[in-house]
Amino acid sequence: MSKISYISDLSSWESEFYFFIPVKVRFSETDMYGHLNNTVPFTYFEEARIEFLKELGLMQKWTEENHDGMVVVADLQCDFLRQVFFDEKLKVFVKAESVGNSSVDLHYMAKNEKEEICFVGRGTVVQFSKKFGKAIPWSESFRKVIQENFKVTI
Amino acid sequence: MSKISYISDLSSWESEFYFFIPVKVRFSETDMYGHLNNTVPFTYFEEARIEFLKELGLMQKWTEENHDGMVVVADLQCDFLRQVFFDEKLKVFVKAESVGNSSVDLHYMAKNEKEEICFVGRGTVVQFSKKFGKAIPWSESFRKVIQENFKVTI
Amino acid sequence: MSKISYISDLSSWESEFYFFIPVKVRFSETDMYGHLNNTVPFTYFEEARIEFLKELGLMQKWTEENHDGMVVVADLQCDFLRQVFFDEKLKVFVKAESVGNSSVDLHYMAKNEKEEICFVGRGTVVQFSKKFGKAIPWSESFRKVIQENFKVTI
Amino acid sequence: MSKISYISDLSSWESEFYFFIPVKVRFSETDMYGHLNNTVPFTYFEEARIEFLKELGLMQKWTEENHDGMVVVADLQCDFLRQVFFDEKLKVFVKAESVGNSSVDLHYMAKNEKEEICFVGRGTVVQFSKKFGKAIPWSESFRKVIQENFKVTI
């Protein structure tokens, strides 16, 4: 796994995850090659991300109808390390790797029941104002939550 | 095909379709059984339905941000007659079978390149007001369009 | 709900479900109308169906690589009774309504956390031989399982 | 766009694309934020990739039932530059950026009808043997095709 640009040291990177969601691979998520289609991990990442942001007390606001701020995904990537099959039970982990003025870089890791890493990923999300069409800096309370939970550079 | 409750005479039913959209089966739409996953035809039906309603001059309004009326799907069904595989080119046909006060019963038929029927279906859509939370009767102009294009009972 | 052809008496129909899977609506399963896209319940039905067939001791065989028999979906339908939104927790119930020589008619019902029925459905699955390209009659043991668990007409 | 690690000079990078597939955004591909869900571009990339490999004379073999080699996706990434909405017509471009012993690095770019870049991406695919469970070097004929079509380093 030396080729993955966003992981400098795998074991320390891996040890920083504590939040995960359980996912079971659906039949409709497989493809004719017999394994999980490679577009599906991004769906898992989205679900994990939202649960993670909820845990940090953020997501509720963003899905309220009249709330102006929303979380926009700036980029996403995934490295596929091991085939995943129908009915496998995965843990999809997510952590905040670093925080910018109005963005967070989230990292992802999925493990199967044997605790093997199946795929990893990352992506930046940005807090965005629909009304003003631009990024909104994080509130102090959000920064606090992030800092208390992660040793991230702010 | 005698078991399909919404088709009384197949050849006359089949002959009433004229509108279709072309669809090519995506790799991500197959499953580990090697064929088109059975949840996907409903996606094709949706695409065909929207294009059909556009053709009748309806859909534009419904997707405008401040327009109150929207098309709500009341029910959907599909009968799978023939396996469909990756990369097959289908024609997904749609027609209006009958029109109610604020609803239309749409029928669907998908054919492969050999002109074989692969799956058929139907479903009722209802014109619905978000503001009032109830069905809205069709306008006279819509009824006219439908009547001119289909020999439907109104 | 008098219009739903496959439900003669709702309260007795409803009372016959005991098996369900929990499902939480994903963000990617919503559409721009703000609710669960109408193609997604069929994915939930599939997941519920497979877990149900597993519970009856059937599915394992069907997904083994060299097993000849597979479960083919002959038809599917869904009636949408109530809007479903992002993050709602549903119970997706499934039961065997009647059993044929090589087919089962499965019925579905999804309830939200208020125990309101959101959508219902049904569909026939057929045991099918890949090698012979035709339906295979149920084994005696399968019939026994079905009869013990359901008061179905065989 | 200076942040995108795999694009050193945008205008020269952009000018090297010639192959594309047309895609129209489906209703079911939008989400409750009103735009294309961020998991969907990977589906478009897959479709573009397969058509591209077909164009190079490769894909046919890989989907034949008894063919041992298959194309495995090693990683995928996408940068979202502009919101995409229901019914937009996109051109999804793909090109080979560099070729390894048994892998190709493919790059992607999607443009809307105004010729604006909406999202870009990349990902490595590897030719893989199911039987031997390992990567298979490209044939000479494949290398020739790639070299004739792209100024890639081999």
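Note that the chains take the letters A, B, C and D in the order they are written out, and that residue 1 is the start of every chain.
Here is the rule we use: a residue touches a chain if its C-beta (ideal position, glycine included) is under 8 Å from a C-beta of that chain, and two chains touch if they have at least 3 such contacts.
Everything numeric here is computed off the predicted structure, so don't read it as measured data.
Two chain pairs, B-C and A-C, are compared here, and B-C has more C-beta pairs in contact (counted per touch definition above). Note: the chain lying farthest from subunit A is B, by mean C-alpha position.
Here the CA centre of subunit A is 32 Å from the CA centre of subunit C. With centres taken as mean Cα positions, subunit C sits 23 Å from subunit B. Taken residue by residue, subunit D touches two or more other chains at 27-28, 32, 37, 39, 43, 46, 63, 86, whereas all remaining positions touch fewer. Of all residues in subunit A, only 26-28, 43, 46-47, 50, 63, 86-87 touch subunit C in the complex they form. Put simply, subunit C touches subunit D in their complex at residues 27-28, 30-32, 34-35, 37, 39, 86. Against subunit C, the residues of subunit B that register as touching in their complex are 4-5, 32-33, 37-40, 42-43, 46, 63, 70, 72-80.
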